[in-house]
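Next come the structures, one after another.
The following pair of complexes shares a single chain, chain A, combined with chain B in the former and chain C in the latter.
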Partner chain A sequence: MPKALALVIDTVIPSPSAGRPARGFLRYLTAHRRWVALASLLVLAFITVGALVAPWLYDWTTVTQVDLGRALLPPHAGLWLGTDELGRDLLGRVLWGARITLLVAFGSVAMGMTVGVSLGAICGFYSNSATGALMRLMDFMIAFPRTLVAIIVVAVVGNSVLSLTVAIAISTMPIYVRFFAAPVRSLREREFVLASRAIGVGDAAILVRHIIPNVGSLIIVQATTSLAEAILIGSGLSFLGLGPPPPIPEWGAMIANSRAHLGTNPHVLLAPGCALFLVILSFNLVGDALRDYVDPRSRRSRH
Partner chain B sequence: MGHRFPSVNCPLAVAGLALALAGGATHAIAETTLTVVQGTEIDTLDPAVSRSIPSQIVIAQVFNRLVKWDGPGLHKIVPDLAESWSVSADGTVWTFNLRKGVKFHDGTPCDAAAVKFNLDRVRSAELGSPNRSFFAAIEKVEATSPTVVTIGTKKPSPTLLEILAEQWAAISSPTAVDKAGLGRSYGRNPVGTGPYVFKNWIPNEHAEMVRNPDYFGAPAKTDRLVFRPVPEFAARVIELQTGNADVATSIAPELAGQFKGSDKMTLQQAPSAFQVFFELNVTKPPFDDVRVRKAVNMAIDRKAIVDKILLGYGRVPVSSFPEGTQGRKTFAPYKYDPDEARRLIKAAFPSGYSGVVTLWTPNGRYTKDRAVAEAVQGYLTAVGLKTDFKVWEWASYQKALYRAMPGRGTGKGSNEANMWLLGTGIANADIRLRRKLATGDPSNLTGYSNATVDGLLAKASEEMNYDKRMALYGEIQRYVWDAEPNTIPLFDQVQLIGKRKGVDGLDVYSDETLDFHNATVPAR
Partner chain C sequence: MLNYVIRRLLLFVPLLAGISLAVFLVMHAIPGDLARMAAGPDAAESDVEQIRHNYGLDKPLSEQYVLYMQRLVLHGDLGDSFQTYAPVAEGIARTLPATLELATAGMLLALALGVPLGIVASLKPRSALDSALTAVAVAGVSAPGFFVGLLLMMLFSETLGWLPPTGRGSWQQLVMPALTLGLPYVATFSRLARSSMLDVLGEDYIRTAHAKGVSRRRVVLRHALANASIPLVTSFGLDFGRLLGGAVIVETVFAWPGMGRYMIDAIMVRDIYVVQGTILVFAALVVLINLLVDLAYGFLDPRITYA
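This part shows the complex of A and B:
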């Protein structure tokens, strides 16, 4: 791409994140004293690391093997969060649950985004009856509550980690299509795109090299908030018994199964409940900060 | 209503009258109300079509049957609307002499024609009652005179009296049924002969009834009964604590602790005919091999399940019939021996069972059902069986299990699974055994078909001597316990009923129905 064109892009589309490393975001957070967002980032890092190392701390048998002899033990040394109603180590289950939760969240967002952004870019770039029909289909899907769509998908394909991931991806995908069609449509008319076309660049190359990179920052921001939503839908379905089958530890199911013990052994419910609360809150707060960082207009209005 | 005394034939009423006169007050006794909170809303109050326990609890207060059980022990059948009865020498014609002068709450006389009307109605295809098949033995019902009913059966029917003692055989006012017309609207305006007169039912709010002053037996002790649905376990306990309710049914084990040391409420425990078990698909591997069925029965530590999951409010089964079931025989409980279980599985599958055992459970239907199923899954994994676990919502679970699939293994949707969790609380021995064990019965989900059991059931259906018949049921119980099981019995439920302190005289039946006839409430 000619240097001049790149310059045009940067001036036409103000996107300070383009090409900047993640360090920029960290520097932004400290410079603007956004300590809450920084703390959220730390929480996410901590939980992600916990999820990654869980198999080395607790093997699968430990977190799934029923041992009624030690059911509902309170937290103490060695069993830092105590045990659940079937005598399984709660800390181990919460960490393994983080694996499942994050796997479902990242998997579904990646899946939904890949399809959604591609369709959105095509629908925004081309205006014909086919893309029009596709957009109406997306509107139709958006008209249904997301959780309901996900329930229908799980009901059809059965419950497993994969089907839960697919269900959330399908239920959120139309939003991405709508969300990305609009900026692509406005980019399509920009001078640098017209210029590329004038020098003979094909549609596919324009989409991949000029359009998609310019909505990149939007994708990252949207992904962060979508992760929080995916986790909420996933654990919600699991709470209703539509998640991965036992003995797979999943936070939503763990909360559902320990409701009865709230009065007598609140730790059983608090462990997965707090983990879920922290992760969703952190994703939302980080997402907010990321949006401010990426979009200078909202940054200015805030500070 | 204290100013209106019924015909004085009861010493208590005399004492009450004397007290009232001594105190110089003739009508100052305050009206007493007993409020019951149940977990599930009533679905219908038409006894002929009702099958749910919460409905039958309400129905039992308004209606009478021809005959009834003598009490929660189910020892013998005693008169209710019929004063006496006899059976012909060949065992096919039953004659019932009705109690004279009994009237329905709407004034209609309860005569032989009314009894015939009811027994014909419950058996009719037009009504389509789910209880219709229980009356299959009856050939015709005749009103021989205003007070004599004769029932002809196709074959000698030893179980007839037991069927007539069930809630479905309760006698409704023909006038009220006709007035309600076809369809199910009678279920909203039931009229019987019982100790309480139905007043109104506002769905999802309450059902209300008042004492029947003209009841033929001893009058009920409380003036008014109110039934309310409160689905949340914790909310029912709060209703008791705050004094909003006097009786709360099905208290969750983990909430039972709140009753200890409470000065406002007490916990009544009663045996229940309800047993929770896994049924095993005996038509395909691994459970088509009886050794594996015995192995899984030894792989489970039932004592731990009862102590840790049910918190002690349950019992380790010693028969497929829990306490309070008719004709119960008890045996040695299955011992917990995972090593022996592994050995038996190895004998059936020398290189281990390579398939996956599909395990289904409902969630929230029975006491701690899902948690118990998960524990069982853990025990099966421990003896080397790989499992696949599926949790169902109750309505779709039932549909999935009972779906007709002719020619496939069990012949039902249950064939998709290897084992599934269910419970039954039927206190009648014949019905309880026949449903689960008779070859081809619509409720037989396991594909169980055993010549010995079928033979014993056939013999029992012709045995007119009560004790001999019960002995036959005992033999079947022994056979399925020791020789050819088709279930993994998990635990016998214990009924936990919460009462406001001072509530007394509540009769709790093992089929989980309640009788409020003698119940009294303390002043508020």
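This part shows the complex of A and C:
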């Protein structure tokens, strides 16, 4: 009988649906004249497409092969962003760099969020001394510089695209735990959860079927801003020489290499630097707009 | 109050012991033979054995940790560097002042620029200045420190020749590193100052102050700012940790001889005692700042007592 009862309860006490379709977000942006956020979405779409088609425009040898005969050429027709100190096409390297950057960013956020949201949901759902201690540990990790945590992880697991991803995931995971524990704690006391419990639904099923879906919109907003931060940390580690080894084109490492040519060839710095800044800025701006879209309260406080 | 401080300081001991154990285990989990890496690739096998013995690397891990902690607690000894054979404590004493100087300068700059901008924006919400500030704030947190640093260097050192690009010693050399480090926090502080001022300015006691004829300047600076500063102080505690992380990168950009650079160089060559020592000091700094922040609440809001 519980199934039928659950159906009845679900119709009488609908669980609050927080998710709105993506199409609504685009309409919201145009309706509220959020042109900056729309432009940011366009920038991100453009760069994603560039990253996806990079292998068809420039093969791996073009972006890695050293040709000192054409080193440090300024931008001109055919070589739209010029060449770097080893004679490699900068536009090709920036596009390939976008692949690495987006791969690391999406990979680390997916990894960190899977663990962080699960732990946060558990910490919010059960309050006992064990979850309390876990929250304390997370608090401390949040106070500790994330870049340093990521550096320590890379020191242990070595430098590759995968270890960079893991390092960012571990260093940002505590934020998700902290961020999701609170809404889960308040959801735990809501009628639809109590009702499920009353008809004998197990804890695991309540968490997966009722609680997690209800923080879905929070997850999407947090993920967008987290992508910006993941790119910031990842490119920073790469700049320090802790990223994927050369000749892999990574924006942070490309910027580090541009140092010696600042005065004479600014394009070597500006090409990867502007790409990096633009991507981080766009993720932040889209994240802000998404937050206003899913949480009308923050929209009001804005104006 | 004194009891509170003592209790908090006593909590440091298990916390730092825990961190040291975690870092110790992590550093020893690094694949590869530490003694061989310390000796260099062409060292004879007997030399490697000698180094292994001298650093106690042939002992069981638990014994190594006990020995490390004994030396640390009894003599304040953090071990010796594998690379230079110099004591780690000496290296930290040499590099820590540079990092603190940079972090303090960066923070002060962020506060000095950010808070006044935020206050002005809060007095005229939705003005052109307010929206400009919001835009600059997003740009500020989005710009990677190393990119900003190199742009500044390109402009002020390479093109204009006003400031020396690297090194430490004169105030001119501090300008660009402090600006690079502080810039994201100008954004954070101005946003935070704006929103907490807007909250406070709507309170009854502010209207009362206006009504009894207190000057506008005094209402804003004395009545409102005192209460609006509490969120700022909280954020300061959290941001200081992040700022130290940023300092590692800024030190690299401007060849600033600080502790972050000392640590990164050690990580590159797996110089574990240096890595362990610097991380411990970073952790102690973070914990200490958070204690100071908690104490600062009591001065800002006399209603808060420390039980």
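A few comments on the model shown:
We adopt the following convention: the second predicted complex is superposed on the first by the 281 of 303 C-alpha atoms of A that agree within 3 Å, B and C clash if a C-alpha of one lies under 4 Å from a C-alpha of the other, contacts with A are read in each partner's own complex, and residues count from 1 in each chain.
Note that in this section a residue touches a chain if its C-beta (ideal position, glycine included) is under 8 Å from a C-beta of that chain, and two chains touch if they have at least 3 such contacts.
The model shown is predicted, which means the values in this text are computed figures rather than measured ones.
After superposition on chain A, the partners chain B and chain C are seen to clash.
When the shared chain is aligned, no partner comes close enough to touch A:294: not chain B, not chain C.
Comparing chain B with chain C, the partner in contact with more residues of chain A is C. Within the superposed three-chain model, A:263 lies in touch with chain B and with chain C [touch as defined at top]. By the document's definition of touching, neither partner reaches A:138: not chain B, not chain C.
Of the two partner chains placed around the shared chain by superposition, chain B and chain C are both touched by A:241.
Of the two partner chains, chain B is the only one that A:66 touches; chain C does not reach it. Once the two complexes are overlaid on the shared chain, A:169 sits clear of chain B and of chain C alike. By the touch criterion defined above, A:147 reaches chain C but does not reach chain B. Legend: residue contacts after superposition of the two complexes on their common chain; A:47 is shown touching neither chain B nor chain C. Shared-chain residue A:104: touches no atom of chain B or chain C.
With chain A used to align the two structures, chain C clashes with chain B at 401-409, while the other stretches in 329-337, 401-409, 473-481 or 491-499 stay clear. When both complexes are aligned on chain A by C-alpha atoms, chain A residues 241, 263 touch chain B in the first and chain C in the second.
Note for the complex: chain B touches chain A at residues 233-234, 252, 254-255, 257-258, 301, 304-305, 307-309, 363, 368, 370-371, 374-375, 377-379, 381-382, 388-393. Across the complex, chain B is touched by residues 64-69, 71-72, 85-87, 159, 241, 245-247, 257, 260-261, 263-264 of chain A. Residues 140, 142-148, 151-152, 155-156, 158, 228, 232, 235-236, 239-242, 252, 255-256, 258-259, 262-263, 266, 269, 273, 276-277, 280-281, 284-285, 288, 301, 303 of chain A are the ones that touch chain C when the two sit in their complex.
Residues of chain C that touch chain A in their complex: 15, 23, 26-27, 29-31, 126, 138-139, 141-147, 150-151, 153-154, 157-159, 195, 237-238, 241-246, 248-249, 252, 263-264, 267-268, 270, 275, 279, 282-283, 286-287, 290.
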